[in-house]
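Letters are used for the chains, namely A, B, C and D, taken in the order the chains are written, and counting of residues starts over at 1 for each.
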């Protein structure tokens, strides 16, 4: 299996772009580890993820009608290599991925880190009396005055 | 007749439906009063009520949100569009292909969706009672209606109302058991959807029993007028739906002459009157059901619809 | 938590692009593990960790099923080389009918456990809410779609021509999934759990479409199969849109109030108007209301169901209308579920201090939600172009394309035949908008424009305690009483305080998930019992271990003797 | 002449299996060590005879190694260890001798059946015979390790198992010397480790009973 990425069928530039997108996402994941602690880190990561997803969405939409393209990448099983194929069904699936990512990433920018969804604590149905929910301030959830006027 | 003629008929139908809706309700109330040996208000009383409400000022609860003010218009619009798509005096309307029976059912569902939300908006427990029960009733009535649509679609091989009416009119479908089941199921669903006696009492003021009334408790002035009109339009829709599918005689075919159209209107008016009297008779002869007997009532309608569909397979393929 | 987000996206994209079993499973497992890491990102809360573990178990089970399925598919090839693992080799020599049937079952298990088909859905209401909102939006909106893609790729593309009965198991699982999913959503009081359970319902609708496509394709009606498959794919796109929108709204509410329980929210429309508007569009779309996109895919599915009498097989003829009834029931219950969710969270009066001091979400959130809401409306109004775009994917799978919808007059869609049925989202929207504005004009022109604010009439009762409003449990009480009593063993218990004690009485609702009670709990007990007994092996002494080694050796020799 | 070679090899291998049974039978440590030395002698003879039969000179080296280490050095070391440890000379068995003997017979039968079936294609009867006996010596050695409580007797079981390996190696044609040496030396290393291990046990718990270790290993599950 030659080391370079041989292309059996006509591998449209779209497929190579998509592979580049996936590789970029994986690199972003690796890069995000040191960034996680820095202040602007999450914004940078989510912004980059949003950009890549928009790119993927674009290429997927453009290749909905196109002829299927396939690609064999060196990493993968010895005789088989990592085979990738972009046909219409894969394009529809990618639309979903790209769209979801492109919408979720900007949303995540607005979602301050450290806001534990369970922060308000579990609890069965609302207690009879008005809950005196005093809660330490943790970034996003506003601190609630201990006693709320009945 | 061309497009303009078609448009004319379509707009004539929409205007006719809108104009006669309060009259139909007036006739039903008058008939019920007479059956209960009461004088009863005049047949035109609903018009006066609507006019009075239009002139009064709208009192909104402090907690009412923009949705509360916009909901009546959306509810009225959805119901009016649905009513306009049901052929009354002529089939083959210009816009009949924009929507079929499933879309009409869904339009009524969206009207109910916004009505239930508006009911909950003010934040009183009565709005909650109304919306909660309305949603329970609709979660059974809508599947029954859709099973009805299946039966009609299997008989007429189409869900377009005008095509269904055409098939019923011309091809001599003949008496079929499944159609009879479908008729009974449609009547039951119509009673449930319009909040008539066995399910909900339209003229009640006893909080615990009301469903439709509880949701619109906080409305007043023009908003209440919109919702009342929407309710009356829905009654006209269901009666003309029953008329056009099961009593299709007198429907003017597409592109018919003005005379045929006039005959169509008369036939339709007659059907509406007979329908109103039957409804009044039915309502005075039955008492309101407990809320939790309603699921059995509507469950029966769903089973009738499903049975109708399955019976149709048997009769069609034998 | 941050690095796993791009990894999760990369994994999903890799699965979709994979053209051989190894890359597919590699991407699949990569996606599962990344999403597991995201689910337990808030590991401070105990229930998140439990949810993560249950999710990991189900993900492993799903991958095992898919691995076996690919093994069967690859077995078709002649030589025992790795080349057989590539999808093109699998397509070249399809599996034997028996192997194909087993592959269908395995694909249903594998993809079904990830998508959330009923018996295997138990992890979904636990895992999706545990993740941060943007991740649960991705998991519900996109990851379940990757599972559906996996099912379609294996069953429609690789497993060769379907047998006549292939539609039956899929429909038998999909119908109950739709109804059970939405009924379970009605019982929940946590916003994100309601959304996760409604994902189960939408997956049921998608698999009904897939089951219909299988049934029609196998019984010689490829045109209707194309319609059913298009309906399923259309609903895949729709669900990705409005479910992400709803999860973003839930996230915005969570950020604004720090509260997930519906019983503590209420009246948020006053504080968060734009979020409320976007959520209204999302709720209306998922309840399949006409001008929006949810209705179009359900309408197409119903059109496919209406064509069932053409099928020669009696079983399918009876099964499909029954599944249609289940679908209609699920649609109506979905509307009830989202009236409840929207009404209790956004309308009414705030039920807690947190809800009363909520603030509107920030710019990014609102733009993300607004864009998705506009897409929902666009897909609802212009279904034709979307259907044509999907034909590229449908044609190779069922062999035939649906008739072109893009160019039809007035943007309407006619799936099968002119006289049969047609729907025009655009005109319906125009009519509603026109008549609503007409009515508004008439009121402003003739009616009185005076508006006065006054305390709510409420039949004269002065009570202003916000807890007197309907809560999540009380709104679902009629539906719980009608549907939930048998299936979910829903019980309401009232605990009265001892006489003389002034403590308030409490009414609590208890329900259990039948899949958990009858399938997974006994399984868990059996496993722990077995492992209890097997635990003794860990505490043998050296000599016993030697005995074990010796026993194994002797056993192998005996086998060798008997078998060689 | 051919069958004489076969007969003697057959005799020596058979004797080794017999001695393995003897090992199982012994109940005193001193006797046990001496019987082990006897088995080592037989092994050396058998390897030497194989060397003569296959006229492979390197087998003589193996025979010499076996003779020096297994007949002289190891038994003497074990004897001194037993004396220094001062442990009681009784060989505690887990299962009484009768069932152990029956199990041994069963094992020999099994190894014969297996080896004859597995090597059915081989022409050379001598090698097949040798391998069969070697496998039974190995299995008997393993059985001894399992049914003995005393660490020293387990060591001897392990050593007789190793003898079986050497016998098999010698029997198989053309096994290079390297393998034999490595096998031998691995056993020696194992012996050293076990030896030190036994001394450690002796210091800490003043008993060599393996079950006694059990108490200090952490609670049951």
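The rule is short, and it goes like this: a residue touches a chain if its C-beta (ideal position, glycine included) is under 8 Å from a C-beta of that chain, and two chains touch if they have at least 3 such contacts.
As the structure is a computational prediction, the values presented were derived from the model and not from experiment.
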Give the chains in contact with both subunit A and subunit D, ordered by label. C
Tell me which has more C-beta contacts between its two chains, C-D or B-C. B-C
CA centroids of subunit B and subunit D: separation to the nearest Å works out as 97
When the C-alpha atoms of subunit C and subunit D are each averaged to a single point, how far apart are the two points in Å? 66
CA centroid of subunit B to CA centroid of subunit C, Å: 33
Whole-angstrom distance, CA centroid of subunit A to CA centroid of subunit B, is 47
Building nodes from the protein chains and edges from chain pairs that touch, which of line, ring, star, complete or other describes the result? star
Residue ranges of subunit C touching subunit A (in the complex, touch as defined): 1-7, 9-10, 12-20, 22-23, 42, 44-45, 47-48, 81-83, 85-88, 129-130, 132-135, 137-138, 141-142, 145-146, 149, 152-153, 157, 189, 192, 233, 236-237, 240-241, 244, 248, 251-252, 254-261, 263-264, 351-354, 356-357, 359, 361-365, 367-369, 371-372, 375, 389-390, 392-393, 395-397, 465, 467, 471, 473, 504, 506, 508-509
Can you list the residues on subunit B that touch subunit C in the complex? 54-67, 73-74, 76-78, 80-81, 84, 95, 97-100, 102-103, 106-107, 109-110, 112-113, 116-117, 120-129, 131-133, 135-136, 138-143, 146-147, 150, 153-154, 157-160, 163, 207, 217-218, 221-222, 225-226, 291-292, 295, 302, 305-306, 309-310, 312-313, 316-317
Residue ranges of subunit A touching subunit C (in the complex, touch as defined): 15, 18-19, 21-22, 25-26, 28-30, 32-33, 35-36, 41-42, 45-46, 48-49, 52-53, 56, 61, 64-65, 70, 76-80, 82-97, 99-101, 103-113, 115-120, 122-126, 128-131, 133, 135, 140-142, 144-145, 148, 150
Write out the stretch or stretches of subunit C touching subunit B in their complex. 266-267, 269-270, 273, 276, 280, 284, 287-290, 295, 299, 302-303, 305-306, 309, 317-318, 321-322, 324-325, 328-329, 331-333, 335-336, 339-340, 342-344, 347-349, 410, 412, 417-424, 427-428, 431-437, 439-440, 443, 446-448, 450-459, 466, 468-470, 474-479, 481-482
In the complex, subunit D residues that touch subunit C: 94, 107, 110-111, 113-114, 117-118, 139, 142-143, 145-146, 148-149, 210-211, 213-214, 217-221
